[in-house]
Structure formats: structure tokens, C-alpha cells
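These are the structures in question, set out in turn.
Two complexes, one shared chain (chain A), two partners (chain B, chain C).
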Partner chain A sequence: MAVKNFVVASFSDEAVLFPAVKKVRTAGYKIHDVYTPFPVHGLDQALGLRETSLHTAGFIYGITGTTTALSCMSWVFNSDWPMNIGGKPHFPLPAFIPITFELTVLFSAVGMVLTFCYLCQLAPFVKKHIFHPRQTDDLFVMAIEVTAKTNTEELKSFLASVGGQQINEQRAEAGWWYGRFDQEDRLFETKRVEAVNA
Partner chain B sequence: MKDQFVVPARLKTTSFVLMGIGLLTLLIGIFAFHGEHGSTRFWAGLLQNSSFFLLVTLASAFFIGATTLAHGGWQIGFRRVPEAISMAVPVLGGILFIVLMLIVFGGKEHIYHWVNAEHVKHDEILSWKSAFLNKGMFTGFSVVTIGAWIFFVMKLRKMSIEEDGWDLSAESGRRIVWRNTVWCGGFIVIYALSVGSTTPWLWLMSIDAHWYSTMYSWYTFVSTWVSGIALIILFLVYLKRNGYLPMVNEEHLHDLGKFAFGFSIFWTYLWFSQYMLIWYANMPEETTYFQPRVWGEWRPIFFLNLLINFITPLLYLMKRDTKRNYSSMVFISIVIICGHWLDFWQMVGPGTYGHLVFPWYEAGLAVGFVGLIIFLVSNQLTKAPLVPKNHPYLKESIIHHT
Partner chain C sequence: MHLKYESTLREPLVDGVKDYHQVTEDIISPIEAKPGKLWYVGFFISLLLLGFGVFSVSWEVYYGTGVWNLNKTIGWGWDITNFVWWVGIGHAGTLISAILLLFRQGWRTGVNRAAEAMTIFAVMCAGQFPIFHMGRVWMAFFVLPYPNTRGPLWVNFNSPLLWDVFAISTYFTVSLLFWYSGLIPDFATVRDRAKTKLRKLLYGIASFGWTGSTKHWQRHEALSLVLAGLSTPLVLSVHTIVSFDFATSVIPGWHTTIFPPYFVAGAIFSGFAMVQTLLIIVRKVLNLEEYITLGHMEAMNKVIVLTGSVVGCAYLTELFMAWYAAVPYEFATFYKYRAAGPLGWSYWIMMTCNVITPQVFWFSKMRRNVAVTFVMSIIVNIGMWFERFVIICTSLYRDYLPSSWSYYRPSWPEVGFYMGTFGLFFTCFFLFAKYFPVIAVAEIKSVLKTSGESFKKDMEKYEEQPAEQFVAGLHHHEDHHHDAHGAVAHAHN
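== the complex of A and B ==
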């Protein structure tokens, strides 16, 4: 990961955000990411992100669970410790189905949650740069990467023209690093609250 | 905007040809299956097809009821389609009622052996059940349930068409939502008490009157509900292909596909819950039901049923792209309807005529019923604009995004 320069703008409403995203992309600027307080329908399409492969991962975890359950149980009841339970066969498939189902769901659910956290770079003892303390509260925050071709002043006035507020420049690490939010940043103690429309 | 459906001549001809095939099969059936034992297959085929297609069209009314009670907005854009499908219920309900009455009062004891009073007297299990399982109770329940369904289906349709004459004001919007919620609530209660419990016991489970399963009604319900969704998809895609319903797009199709996917799995859940408990307990009075199906002649149908109704939708509908493609949804909808028709066949067949036969007669009748449904539904679609223009949730449906 690398330390990069960003121009950051805040938006108060998704109705302003959507046209702004479209205009910024058309103008050729590189959007690093957009942070929203809640999942916004259609924003990933507007940003031109590729479709997630999380569900493929989920399917693979699921069949791993199915295979684990079936092979483990059939190994136990056929070769390791065969028992006669109520005169049922040693490979009683109907009796195995509930456990197979549970393990399939467990594997895919846990696997997908962990994969999702990894894709979002969310984990304990992992830190990411916060562009605006209110980006998960009530503001939509757009971070635009400053490349060699970007004219920062032009970009700032362009963002203001599409409805951005509190436009500023930040130099920050783009990825994640080891650290703790609760002990280092203590964002929840930030006393100064900026008014958006000031 | 093409808002008013006009039945194309080709569709009309198709429906008449299909109905003709059905009638022809029925006529051949009268001559092919006669006599005391022979006529069993004749009546079993009629019972299977008329109850299946009645419950499948009724599932459309359940779709309206469930989505309305959940305050769903996404289905408003094509709500007239399930409405029109549910308007086939009066005709199909009438057909089934006639068939049931002819079986019960015609003394067709090879279909329902509890109709023979002499037999019941010497049969301890049946005489214990006779307080519930008798001709009067059967007729009463059939009249009440079919009558209530027809009443609610027509009421919901009438209200919806009436609302086209209102306006877009907030006040009439509130009134539309409120009275639809109230009437759909009433319908859902009736539906749960009939399709969800009593009706399948009487019509289908009493074929094997010694046996019982508490999962049976739910199982029947899901079978018809998932086929009902498939039927809605088929009509939706047909209208869409002919340039109607411009506001409906793959987003709506995607959600219907999720329903078909989810309830195919739910069907399997109930299928398995019914099977596993009986398999586990292994009690002779319960396993009699599965004996001819799993270990008898019907074994291939039993496993084919699972393959078509579980494995196929599970793997096919899992991917997002197949749920958003019109052609692939048509394919899987036809597979689902055929699969659940097969399910009804193996529910009715082993307990009546017993032997596994090539189902030309049953399939011929099914073709006739399909023709009848096409005829009735396309006729109903012409009677009102395809978009309920005053419904307050219409915008939510237009901008719907899955």
C-alpha cells in the first residue's frame, strides 16, 4: 500500500451524490471510494465497480461444508466405529441430511462473513484512514485520488460546482495497516463539530 | 404506451387447440377406462389435474395477498397479471367441485374408500375418523372453501378495477392501501385455514385414508405456490415479449426468480420433513404411503420428482444472470410446473390405480387445463388496463431495484 494525495468532498444528500459521481467520472477523475452512512442502491453501478464474487466464494464454502459433513459422518459410521442404531443402515442418508444442511449453511455463512470483512478491509487490530469523522454518520464522503495529471485547484472548484461541501486535501495511506482505533485515534472524543452548511 | 391487452388471434387459436386436446383425451378416457376398477384412472386423472390447476391459479391470489400484507410496492406494476390469473379460480373451482361430487356421491370407492359406508363400519381406523371424514363434511368443506376463494378473488379484482376510476390524491391512496390490506388479510386467513390445513386432507390425503401426515397440507401448498409463481412469470414474459408492461423489467423478474428459487428449496424442506420422520420412526401404518413410492413401481417417479423440483431449480436459479434473463426464466418456469404436476401425479396415482403407467391420459387432461387457463386469463387481461394507475405504490414499482 502506498501513501497518496486525496481531494475529499462531502455531500449531504444522495440525490446530490449520484449526479456528482456521474459528473466526476465523466470528467475523468479517479474516484478512490465513496463512503455512505447506509447502503445506497445502485451506487456500485454508478461507480462502475465490477460485480462482487462474494457469492461464488459462498458457493465454494457451501459445497466444502456439504463434503465435510458427508465424508466425516460416513467415515465415522462406516469404517471408524460402525454401530447398529435402530436397525438402520450404516449409511443412513436421510439421517445425515439435517447435519449436512447445517454444516453447509455454517461453512458458507461464516466463510462469507470473513471474506466480506477481508474485502472491506475490516478486522480487529486493522486501521484505515478516516476521511471525515461523519462519513458513517450522516454525510456522503467522496475521496478522489490525486494523480500526476490532476490539477488540484481545478478539481476543487469542479467538486464545489457539482454540490460538494467541506472540500479539502488530505495525504493519507490508501490501504489498511495494523493499529487500534479505540486507543490511537479516539474519534469518538472529537469535540469540534463542523456545521455542513456553514 | 400499450396499456390495454388485446388477445392475439394466435393465442386464442392455441388455447382452443389445447382445450380440444384435453376434451379429446377426456372422451377417449371415458371409453378406455370404464367398469368398476377401470374407471378409477379416469376419475383419478380428473381429480389430480383439476385440484392441481385450481390450487396453482389460486396461488396468484395468495401472491397478491402476501405482497399486499407485506406492504410490498414492487409488484404493483404487474399486479394485474396475478389478478387475471386468479380470476380462473371460479371456473376451475366449479370443475373440481363437480368432479369431487361425482366421485363422492357416485360411490367411486377406489378413489376414496371411505365413501363406502359398509366398508367403514368394519374398518376400525375409518370408523374412528368418520366423524370428520364423511360425505356431508366433505361436501360442506368443499362448498365453503371454494366459495370463499371465489368470493375473495372476485372482491380483490373488483376493488382493483374500481380504483382505476379514483384519483392520485394522498387520501384515495391511503384508502386503496387500507382496504386492500383489510381484504387481503381476510383472504390470507381463509387461505391458511383451507389450503394450509383442511382442504388437502380431504381432497388428496383421504385417498390414503388410513394414513396421515401433518406435513401434507403444507407440502401441497408449497407445491402449488411455487408453480403459481412460475405461472405468473410465464404470463409476465409473454406480455413483455408482446410489448406490454413497459415498466416491468428484469428487476421484477429477478425478484420473482428469487421467490421460485426460495420456495423450491422450501418445498424440498417440507418434502424431506415428511419423509424423514416416517423413515426414522419406521412404523408400518405410516410407511405404507412410501412403500409403493420408494420401493415399489413408482420409485423412478419419486426420485425424478426430487431431481426436477429440487436439484434443477437449486443449481439453475442460483446464478443471478439466469434470474434476470427472460428465456431462461421461461424454461425453468415450465420445468417447475411440469415437476409439480408430476408431484401431484405421484400423490394421487399410487393410492388409486396403483400401477405405474405411461401418463398419456393425465398429461392430455393437463394440456386441456393449460388451454383453459390461457383462454380464461387472456380474456381477463383484456378487461382492465394492465397498470393500476392510481395505486400509491406504483412509483416504487417503476423505480424498483433489487
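== the complex of A and C ==
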């Protein structure tokens, strides 16, 4: 959690956004994030983000489910309480397949969703700063972090030249916190600093 | 030329002149408006039905399953019929959201949210029947394998009924996760445009703090794709396992290897019919005709005529095998007691509704006719209910011992239970239609510029070019926005 300064620009069309992202990156500015109302294909590559490994996690959860199902069922039928059910074998693999399959899918799906929520910090009552209320509606909102070396005025006019609109400066909490969306944002570090000064 | 391109030969998925904001307006504003009078009437009727269902089930729990007209001969009646019927209905939602995603069917975006909601509510209704059929329902947790003080006596992992427990609960969980993960971004849209404090608070909680970050979208896409990949075999497995409840038994009429594909096709058939029933009403009431177009309905009617014909083939195959196998009991079940006999009427209702009437959908005019589609969707659902009734009851009511032969008609608590699940289903669906975005807003936006009617019109001038010039234009465009290369590649999906 840290409070940072941002210069924020909105774009109304992805055809303008893509070249702008490239120019901003070439110019050496640090793009904090680009917020879009829907998944814009290719934007992750354009921003230089690496491919997600969520699929791999899903595979690992899946095989965990497979082994859990097979080992539990064979332990119950062979070791814990061997029972004669109509003279059927104690390790009836074909009969184990449906439950093994279901648990594979269940573990994989639940595990992946939880991992997804963990990685993206998504949960009820989690709050994050919304740079522009229409970033979930129709605008593509680019937030650029202001560092010690950034000339804010220069950056603003640069963003305007690449097609950015409604360019403004915002001081905001970059991480997440527990909060409600009907209440004002809280700037955590500022509060602490103020407390120290008082 | 725009970043994305799709041939104008394909029918647009979104009619009218739209931009991203208009899409949000059209889909979200019904949530923000007060519901109409019809909504209250419908919701109240659903609540009444649900109340009557609760009463009927309480009656059954208090006096025992004896209040149902089941007997020694007919151990499964309306309850299991309704269970299979509701589970089957659920299948269309997963088919639309998962299988059609893998097949890159763009039209799914208009209908997947509502269809997936229908799946979840239908599976909730389905689950009630086997649970209350247990009689001593407070013992229902005995079906779960857990270390216990009864030995420990474990569940029988060889039993298809136990497979059902795993299949249905997994299906419900995975469908719910898939549906909700898609809802998160749309809830954020509702939250960010909310005017009232309460709405901001509640949709803020429901949206899990979604911001629309590029990295999050990337993970979200990966998650959706893998969940679709998982749901595809899952949905096929669920009705397969339901069919195992019958197919692994030794009852003539049940003991057949054709059951899994036949049940899955039937499930998709009835599910699409239910989607049509619901969406024809939803698109009218919420003014979403530009998003759920005649093209969407036609596509679903094509699935209905296909799966209906598969089911019809299965009926004929069963009849053929009953004769060809030369087993007298099998022959008697199909020819004496199913197609004829005291319950024969139900077989002919099934045949008419499922095999004969859906053939009207071979005609494009019929597929694109709203009234015909609505009536057909109800007929198909009646037919598919009778299919399950026929499979269950006509196989049981004439068993090996003629002294046990019996007839079956439901008692009022059985009918009440069934009506109660309608109440549950529609109560949930009315709440969904009022408080949830009934169409996946983000997904519509991502296909808008390729498949929206007004955007497609802009492409016509390019398509009139000679081929070389058209291709040159594409190349020029790729050079121009080199970093948008990914977007261009995706456009061809």
C-alpha cells in the first residue's frame, strides 16, 4: 500500500489507445495500468505484460483432484473398510472414473477461481481507487505514475498530443484496502504522515 | 479500417447504432429503474407457487414419502422425472457459455448470462427431488463420504446414485463460479454509474473491487477459457451419469447402452427450449430486442431441430433394438406397455412433441418467427418432461410379476412439489432479471465493433474493393499499428 501521484488520461477508442500506449512507453513513462471496460485483445502485449500462468495453476489443481479422488476411494475400499459389494473387486477402476473426473474438475475450477481472486485482490469489501467512473463503461483510462524525474506539465501535453482526453492529476492509494464504495477513498499513508506531524 | 474486421455476410449480433456507452445504458438501466407492474405480478405468483411447494414438501417430510403415490412397483415417479427434467434444462446454459465459447460462436455473448443463470436455478430445483425422496431428509448428509462413527461405514463408490451426488454438486459449483466470475466486471459497471448510496454499496460488495485493469482482464480471459474447457466435458458427464442411474440397472427399458448420448442430446434439446421461453419474454419486457436478435433465436432453433432429431433417432433405435435383441421382456416393455398399454398415451405425447413438431424448424421462416418459437419451446418442454416420465414409469409399472402390475398417477404433494420448484425457479429468475445485468455487458462490448450492425455497414466499402486492394489494405493496416497485431489476429476468430 502506498499513496502515489498519477497523471490520468482517457481514450475513447481502442484504435487511438494502441498507438498511444506505444508512444508513451517509448517516451519512457511508467504506465501504472490501463483500465478498460472489456478485455482488449493485444493490450497486455502492448503494455509488455507477461502471459499469465493461471492455466498452469489450474492443471496442478486438477491433478491434485485426480489423485485425491483415486487415493481416497482406493484407501476406503481396500484398507480402511474393505467391503464385499456383490462380489465386485476392491479396486474397480472403471467405476471410479466418474467421481475421479468430477473431483478433477471441481478442484481445478475452485482452485483457479480462488487463485484468480487472490492474484487480482478480488473479494467482497475490497476497495480500490477508481481513476475514472467511466473506465468500466466506455473509456480506456491510462494512469501514469509520477516519479521524481517526471515533468508533469510536459507529460500532460504529451498525452494530449497522442490523443488523450480529460487529462488530470490524481493523488491516490495504489493498492487495495477494506472499504465501501459508497464512502470516500482513504489515503492511508497520508493519514499516517499527518498523525506523525500532529 | 478499424482494428477488427468480420465479413458483412455474417448477420450482425447487435442491431442498431450503438457505441459502448449505449450498450451500458441499454442493459444496465432496467436495473436502475423501478420494476413494472408485470414484474410484481409475476414475482408474486412465483412466491405463491414457492410457498405451496414448501407446504407440500413439509407435508411429505412430516408424514413420510407414503403421501406420494409411489408404491412397491413404481418406486420412482414424478420426483425423479422432475429431477431429470430440471437437470436436463440446466444443460443449455453450460452448452452456450462453455461449448460455444470453445467453438468461437459469437452469438453466445447475447444469451450466455441469462442461460447460465437458468442453469444454476434449474440445478437448484433438480437437487430438491432426490434429497426429499430420501424420506428422512435430515439424514441426507449420509450421502457424503466423511469419517463417521458408523463403522466407519463409507458410501458405495460403485453406485451411480453416488456418482450423481458428485456430478450434480460439482456441476452446480462450477456453473456458479463460471457465472459469477463473468458477473464481476458487469457488477463493477453498475457500481461505477450508481447514483444511490445503497446501490454503490451493494454492487461494490458484489463486484469484489473490480477496476478493469489490463492484467486482471488478461487473467480473467484465461480463467474463462479454462473454466469453459472444464465445463465442456463436465456438462456431458453430468447427464451421462444421470443416465447411468438407469442404464446400469437390469430393468428392461433402462438397461441400454444408448442412454448417455441420448440423455445428453435430450438435455440440450429441452434446455434450449427453456432458454427460448425465458429470453423471448426477457427481450420483450426489458427492450433487449437489439441484443437478443432473431438471429440468436434462429441459431438456437437450429440446435433444437438438431438435438430433437438426435432424440428421435434414439427413440427409433430403442424400438429397433427391442425387437432385434429378441429378449421377450424388452420387447414387451417397448411394444406392449410403452407404445401401447394403460400409459401408452404418454409415449405418444412424447413422440409428437419431441420428434414430429420440432421438424417445423427446418424452415427458416419458422425459425425466425417469435410466436412459433415461443409455442414450440413450450411444446418441447412438455415433450421432454414426458420423455422422462415414459422412461421411468412405463418401464416400472409392468414388472416381472404380473400380480404387482400397477398404474401411477401423482398425489397432490407430488404435484405441489413440482409446482414449488417452478416457484423457486421463477422467483430466482425474476430477482435475476431485476438486479443482475441479464446480458454480459463487457462481452457485448468486445464484439460490438466487429459484429455491431452500424460498424458492419462501415466495412461494406472495403468489401467492394478488388481482392488485391483489400488484402493490401489489411497489410498496410498491420504495419500501421504494429503493436495492435494481437488485436488483428484475434479479429479472425
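One rule holds for everything that comes next: the second predicted complex is superposed on the first by the 180 of 198 C-alpha atoms of A that agree within 3 Å, B and C clash if a C-alpha of one lies under 4 Å from a C-alpha of the other, contacts with A are read in each partner's own complex, and residues count from 1 in each chain.
What we mean here is this: a residue touches a chain if its C-beta (ideal position, glycine included) is under 8 Å from a C-beta of that chain, and two chains touch if they have at least 3 such contacts.
Remember, predicted model here, so these are calculated numbers, not experimental data.
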Task: Return first, second, both or neither, reflecting whether A:Thr147 touches chain B, chain C, both chains, or no partner chain.
output: neither
Query: Hey, is it chain B or chain C that touches more of chain A?
result: C
Message: Is A:Ser71 touching anything from chain B or chain C once the two structures are fitted on A? First, second, both or neither.
response: neither
Query: Now for A:Ser161: first (chain B), second (chain C), both, or neither, which partner does it touch?
result: neither
Task: Answer with first, second, both or neither: which of chain B and chain C does A:Thr136 touch in the superposed model?
output: second
Chain B versus chain C as contact partner of A:Ala95, first or second or both or neither: both
Query: A:Gly42 contacts which: chain B (first), chain C (second), both, neither?
result: both
Message: Under the contact rule defined above, give the chain A residues that sit at the interface with chain B and also at the interface with chain C.
response: 41-42, 51, 55, 95, 98
Statement: In the complex, the residues of chain C that touch chain A are 2-3, 19-21, 24, 145, 151-154, 156-158, 160, 162-163, 166-167, 170, 173-174, 177-178, 181, 184-185, 188-189, 191-193, 197-198, 200-201, 203-223, 226-227, 230-231, 233-234, 237, 241, 244, 441-443, 445-446, 481-490
- line: chain A partner, complex, touching residues on chain B are 272, 275-276, 279-280, 282, 318, 320, 401
- prompt: Considering the complex alone, what residue numbers of chain A touch chain B?
  reply: 41-42, 51, 55, 59, 86-87, 94-95, 97-98
- request: Using the touch definition up top, name the residues of chain A that touch chain C in the complex.
  value: 14-15, 18-19, 21-22, 33-47, 49, 51-52, 54-55, 58, 62, 72-73, 76-77, 80-81, 83, 85, 88, 92, 95-96, 98-99, 101-103, 105-106, 108-110, 112-113, 116-117, 119-128, 130, 133-138, 176, 180-182
